[in-house]
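Labels for the chains are A, B, C and D, by order of writing; each one numbers its residues from 1.
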C-alpha cells in the first residue's frame, strides 16, 4: 500500500487534502499526507501579510519605497533580529523566555564597562564583546538549569532571571552611565559597509549562525525533537534536560550579542537597552510561524515576523499615522493580516492554542 | 539449552489500585522469539517497559547476559542491548523519518558537531531497506500514515543491530495491530531474519500470529505467568482458553445475536457525499443495522465517517437522518442529532487521559447527570457505576484517571459514553477493537449486537475483514474514494472474505 | 500530551483513594498556602511591621485588582490559551469608568464589565473562527484596547470627582477592605460555576485534549469564547477597582499588571499548558506575588538587590508550589 | 492623629516629632537612569546632614506597584513622623497617594505629576507641597535655543514623551508656542518615543529617511530621547543638525560641551531629591507649618536653567548647597504658582 503509484496521484490531486480532526497537540494523529502543519500555513500567511503590507505602504508613500528606507528598515530590525534568533531556540523547545530585557540590560552595561569607556579604565575591545556574549550565555544557562533541574515552567524561571539580570544591570550602572568610547564598537552603528550599517551585517551573520545551529547541530535538531514531543525524545534516549539547557544557553548568547549591538547604537551602557524587545521578539517569532507549542517554525520563519513588525512600525510612521492611533492600528493590522492569510485554510488547521 | 540472554525473576510492580506485575518470572534465550499474550491489563506492556528502564520495579531482578542490572532508562537499556517498539506510537511528528530512526543514536552521522544529512539519510535508508520499505527517509513523519509510522518504528528499533556487538533483544509491543496483511508478512520476515542475530519478544492480541512466529509463548494473567506453552503443540482455541481462564461460550462474534432488520426504516441516507478524500459516496443504513465499510488505507472510508460526524468538512452531498434533512456541521451538532463516534486513535482523540473515568464517560451527554445547569454528583456516580458494572469495566474507582486503565477498558468507557444516550440513533465505530484482547473484543462485539438489537444504526470500520463481515448486515466496499460495491452479509450466509478483498484492491 | 510511555506518568500514577500518598497529595495541594506563610514570616524577620493586622489587610487590599485579573486569565489558561490583553483591557475599563461615572454613578460597573466581556468575546471569536493563535489575537487586542483607551481619554488622566459612586469598592466592611471581598466574591461565583456546572470540566477537557473534547461533541468553540469573555469581564472589574483606588482612569493604568497576573496563576500551580489547576490556587498565587512585590521593597534592600531577591524568591516559590505529578511535560 | 479639615497644628503628632523619630522615604521610578539616581543621592546627602537615613523605594515605572508600596509603607508604625518625597508615576497616581498619606498622617511632598484640580490646600494638611517645573516653559526654552541655532529657518522633528503624561503634553505645548514665534521653522513630523532612548533611535532613524534633506533640528521632550536622536543622526552621517532635550543628565551636558547637542534644561535632580525631604522634615519637627504656607508656595514651579555651550561646564558636576535646605529657605527656588 505504500507503493508510489497509489500514493502519488493522491498527493498530486490538489492542494493538501482536508485532514480532519487535525493532528492532536502532540501531532500523533492519523494519516496526514502532506506537511500541511499549522506552522507551514502560518509561515505562508505571514509572508503573504508581509508582502501585502510592503505593497500597500509602497503605494501609499513614495518615501517608503526609497532605497534609504530599505536601509533604515534593515538597520532598525538588526537588534530585534538577533534577539529573535535566540528566542527562537527557546520557542522551538516549546518553552518561553521572558528574561530578554534583564539579560540585555546586564550585558549592555557589561560591554560598556569592558570596552574603552568613560568609567572604568578597561579597554578590552573584541575580548570585551566576547565576554559579554559569554555572560549572556551564562544567564541562558541559568534559565535552562533552573527550568530543567527544578522542573518548573520556563515562564517563571525566565521571569526570575529577568529580575536578576535587571538587578545586576542596576548594580553595574551605579548611578552613572558608562559612555562607550571604543571606536571599533561605535563603528558598528555609525560605519557602513555596502550601504548597510555594520551592525546589520553582524545581525545577518547572527541569523546565518542561528540557522546553521538549527539545522546542523544537535542543539538545533534536538530542540525540534523536544518541542515536537518531549516524552518521545526522552524515550529515544535523548538527554532532554541537557539539550534544553543548551538551547537556553545558545539563546542567551544571542541576547548578549544583541546587547552589544544595542550598546553600540545607543553609545552608552543603558539598563533599559532591551526595553520592549522581549515582547516584540516573541511576537515576531509567533507571527512568523515559530509557534509557542514548540517544534514548529525556525530561525528563518521568525525573521519574517521580525520584518512584519519592523515594516509595520516604519510604514505607519512614514504614512503619518498619528502617534495616538499607531498602537491601535498596529494591533489590528497584525491580527487582520494573519487572520486574512489564514482564513482560506483555516479548516486544515489543527489545534490552535 | 544455552543460558538466557535476558531473564527476570520475581518482578513486581504496583500502581495505586492495581498490581501490574506480581512476582513475574520469565526468560529469553539466544536467537529465540518469545510470544507474550494476555488480556488487556495483564501486565505485558509494564513488563516490557521495565525491561527498558521506563518502569522501576518494586521488587525482583532483571538479568542481562546473566548479570543483574538496574536499568536507568531507554538509553541505558539500549547500551546493554535491549530495544523496544512501544505500543503507543513514539515518533517525533515534526522530524524527518531519518532523524526519527536515528534519534539519540545519530553519532555516526554527526562529525565535529555538524549534522551530515546525507549520511543520516543513508543510514536511515539502510534500516528501511531491511524491512523492504519504500518510505522516503526525508519525509516529515507526520505526513506518514499510521501504518507507515509503525514500520518506521520497527526500522528504528533495528538500529540496535549495528549498535550492539553482543546479543541484542528486541521487544515488540503489539507491532501488528495497525498493519495490513502484507506489512505483517514483511514484519514476520524481519523477525525471522533477526532471529539469526538477536532475540525477540513479541506481544500481540492476534493469537494466530503469536503461534506463527514464536518459539515459546508465555501466557500472562494478572501480572503473573500462568502458562508457558510450545506453539507447535497448541492451537488458537487452547490459547484462548488459557488466556481468559474460562471456556469461551458460543461463537466469538456472537453470530446468534445478529437480528434481522429488513423491515426497519432507513435511519441515515447519504447522497453523493464528497470530501477531500472521497467522492460522491451514497449509502443508507437502516435502524438496527450494522453497515460495515471495507477498504484499504486511502480508500476514503475514514473520510466518510468523519464527514458524517462533522469532524471534517464535506464539500458536497445531502444527508437525511430519519427522513429529515441533516446538515453536516460540527461534532457538536452531530451529537445533538443523536450520532456518536468512536475514533480510532483512542489516546489522542478518544479519551482525556488525566480526567476520571466518570468524567470521560459522561462528557458527551452531560445533560444526563445535570439538573438545569447544575451537575448532580450523586446521579453521576449512580449512572457511572451502573455502566461500569454493565460493561464490566475494570477500574479501581470511577474517579480513577482513565489514562491508567488498560486499552480495552478505556474503549468500553468510550462506548459507554454514547450508550448512556437513550436516543442514540447512529453510532460510528472507527476501528473499535484496535489493541483489544480477545476477551475485550468479544465484549465489544456483544455491545455492538445489543446496540443494533435496540434499534441503533451502526456504521463500522474495522481492523480485519473477518470482523467486518461477521458483525455487519451489509458491507459497502470502497476504493479510491468511491463505493465500488455492496455485499450482503446476513446471518448464517456470511461470504468468504476473499470475495470482498478482490473488490478492495 | 502524556502517553503512557512517558516515565513521569508511570512514576506519578493516579491519586490513590487513600494510603500514605494521600498526605503528600494534600501537602502538595496546600503548598502554595504554606509558601505564602513561610515568605511572610521570612520577610517579617527583617520588618516586623509586615505582620501587623493593618499591614496584612493592606496587602490583601493591594492584591485585589491583581487577583481579579489573575482569576479571569486562569480560565483562559485552563483552556490551553493565553490572554495578553487583560492589562490593556483593564486600563480601557478604567478610562470608561472614569468617563461614565458622572452620568451613571455606581451603576457604571455593569456597562464597563459588559463592554469588556464583549471585547474578550470578540477576541475569543476571532481566535476560534479564524484559527489565529490566542497569543496573536490578544497581542493585537492589547494594542487595540490601548489605542482606544488613548483615544477615549484624549491621552490623559481622567479624574473621578464623585468618589461616592465607587465608594463600595474602596472602603472597609467590618475591618476588611471591600476590594478583597469583591475579589473573593468573584472567586466564589466563578469557582461555583466551574465546580457545579459542566463548564469546569469542559474547560479542563479542552485544556488537556482538545481533539478528544471536540470529538465527544463538547461545545469547544463556545467554551473558549466564554473563557475569553470571562477573562475580559474580570479585566473590566479590575479596571473599576483600579479607578476606585486611584480616583481616576488612565489609558495605561493597568498595563503593568499583565505579567504579575500570569505569574500569580503559575505560582499558584496551574499548568501553563492547560487542563490542570484552579482558582483557589490563583488566589494564593496572587497573594504571594503581591507579597514579593511590596514586601521586598519594604525590608530595605539596595536597589540592585531587590530585583535579584525577587527573581530568586519567585523561583523558589514556584519550585515548591507546582504539582509536578499533574503535568507530564513542563514547558 | 487623623486629619481634620483646615489643618491645625495642635493635633497630636503634628509637627511635634523629635528629629531622631523621623523616617525619611524617597520614592522614584527606578535607579537605572542618571536623573533618578542623582535624585536619591541628593536625598541621601540631606538625610545625612540631619543624621538620618533615607529609605529608597523604586517601583520600576509601574503605577500599581507604586501604590502598593506606599500603602504598605503607610501600614507600618510611626507614620506620623514619616516623610515621603515622591515622584508619582503619572498624574493619575498622585491623588491616591495624597489621600492615603494624608489619612495615615504622614508628611508628603510630591513632584512633577499632579492633576490640575488637586491641590494641597484643599484639606490636605499633611501634603506639604507639590513641586514641578513649568514644562511648557522648558519646551519653549529649548525650542528657542534650537531655532536660534538653526538661524530661524528650517525643519524640525519632534520626539514626544509618553503621551498620557502632562510633562509630555506641556513640553510639546511649549514647542508649539515657540513655533508660532518662528514662522521660518516648520515642524516636519512629531512622533512619540516614550521618553526611551532606544525607541528614539529607531523613530528618528525612520523619520530621517523621509526628512533627511530638510531637517535642521531635533526637539526631544527629554535628554534620553535627545541622545538617542544624536546616535541616529550619527548613524546616517548627518552632523549639522541641532538636538535639544530636557533634564540635564550628565551625558547630555557632556554632549553639549562636545557640540553634538545644542541645549537642555536643568531640573536639578539632587536638589529635588533633597528639597522634598527637607520640607517634610521641617514640617515634622514643627519648624514649618504647612497650613501657614502661602498657596503659591504649596504648589509651585521651581526655577529652571537653560544649559547650552556657554554654561555647560558649570552644570557638569552639580553640587548640593545644604543652605538651600534650611527650614527658612525652602521656597527660594519657587518661581510662582502652577498654572
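Everything below uses one rule, namely that a residue touches a chain if its C-beta (ideal position, glycine included) is under 8 Å from a C-beta of that chain, and two chains touch if they have at least 3 such contacts.
For each chain, UniProt lists the protein as follows: A = Ribose transport system permease protein; B = Monosaccharide ABC transporter ATP-binding protein, CUT2 family; C = Monosaccharide ABC transporter membrane protein, CUT2 family.
This is a predicted model, so every value here is computed, not measured.
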(request) Please give the intersection of the contact partners of chain A with those of chain C. (result) B, D
(message) What's the farthest chain from chain A if centres are computed as the mean of the Cα atoms?
(response) B
(request) Go through A-B and C-D and name the pair with more C-beta contacts between its chains. (result) A-B
(request) With chain centres taken as the means of their Cα atoms, state the distance from chain A to chain B in Å. (result) 41
(request) Please work out the Cα centroid separation of chain A and chain D, and write it as a whole number of Å. (result) 37
(request) Could you tell me the distance, in whole angstrom, between the mean C-alpha positions of chain B and chain D? (result) 72
(message) Two or more other chains touching the same residue: where does that happen in chain D?
(response) 30-31, 163
(request) Scan chain B for residues touching two or more other chains and write them down. (result) 54, 73, 86, 88, 90, 311, 331, 343, 347-349
(request) Would you give the residues of chain A that are in contact with at least 2 other chains, written as numbers and ranges? (result) 21, 24, 26, 28-29, 166, 169-170, 229, 232, 234-235, 324
(request) For this structure, give each pair of chains that are touching. (result) A-B, A-C, A-D, B-C, C-D
(message) For a test of understanding, state which residues of chain A touch chain B in their complex under the given definition.
(response) 1-4, 6-7, 10, 17-21, 23-24, 26-35, 37, 215-218, 221, 224-225, 227-229, 232-239, 295-296, 347
(message) Under the stated contact criterion, what part of chain D meets chain A in this complex?
(response) 30-34, 37-38, 41, 160, 163, 189-192, 196-199, 201-203, 205-210, 212, 227-228, 230-231, 234-235, 237, 250-251, 254
(message) Per the contact definition, I'd like the list of chain B residues that touch chain C in the complex.
(response) 15-17, 45, 49, 54-56, 73, 86-88, 90, 309, 311, 330-332, 334-336, 341, 343, 347-355, 359, 363-364, 366, 370, 373-375, 396-397, 399-401, 403-404, 417
(message) Help me check something: in the complex, which residues belonging to chain B touch chain A?
(response) 54, 73-75, 78, 86, 88-95, 99-100, 103-106, 110, 113-115, 133-135, 140, 142-148, 156, 180, 182-183, 275-277, 296-298, 302-303, 306-307, 311-313, 331, 343-345, 347-349
(message) Considering only the defined contacts, which chain A positions touch chain C in the complex?
(response) 21-22, 24-26, 28-29, 42, 93-96, 98, 102, 146-147, 150-157, 159-164, 166-171, 229-232, 234-235, 282-283, 286-287, 291-292, 294, 324-332, 334-335, 338-339, 342-343, 346, 349-353
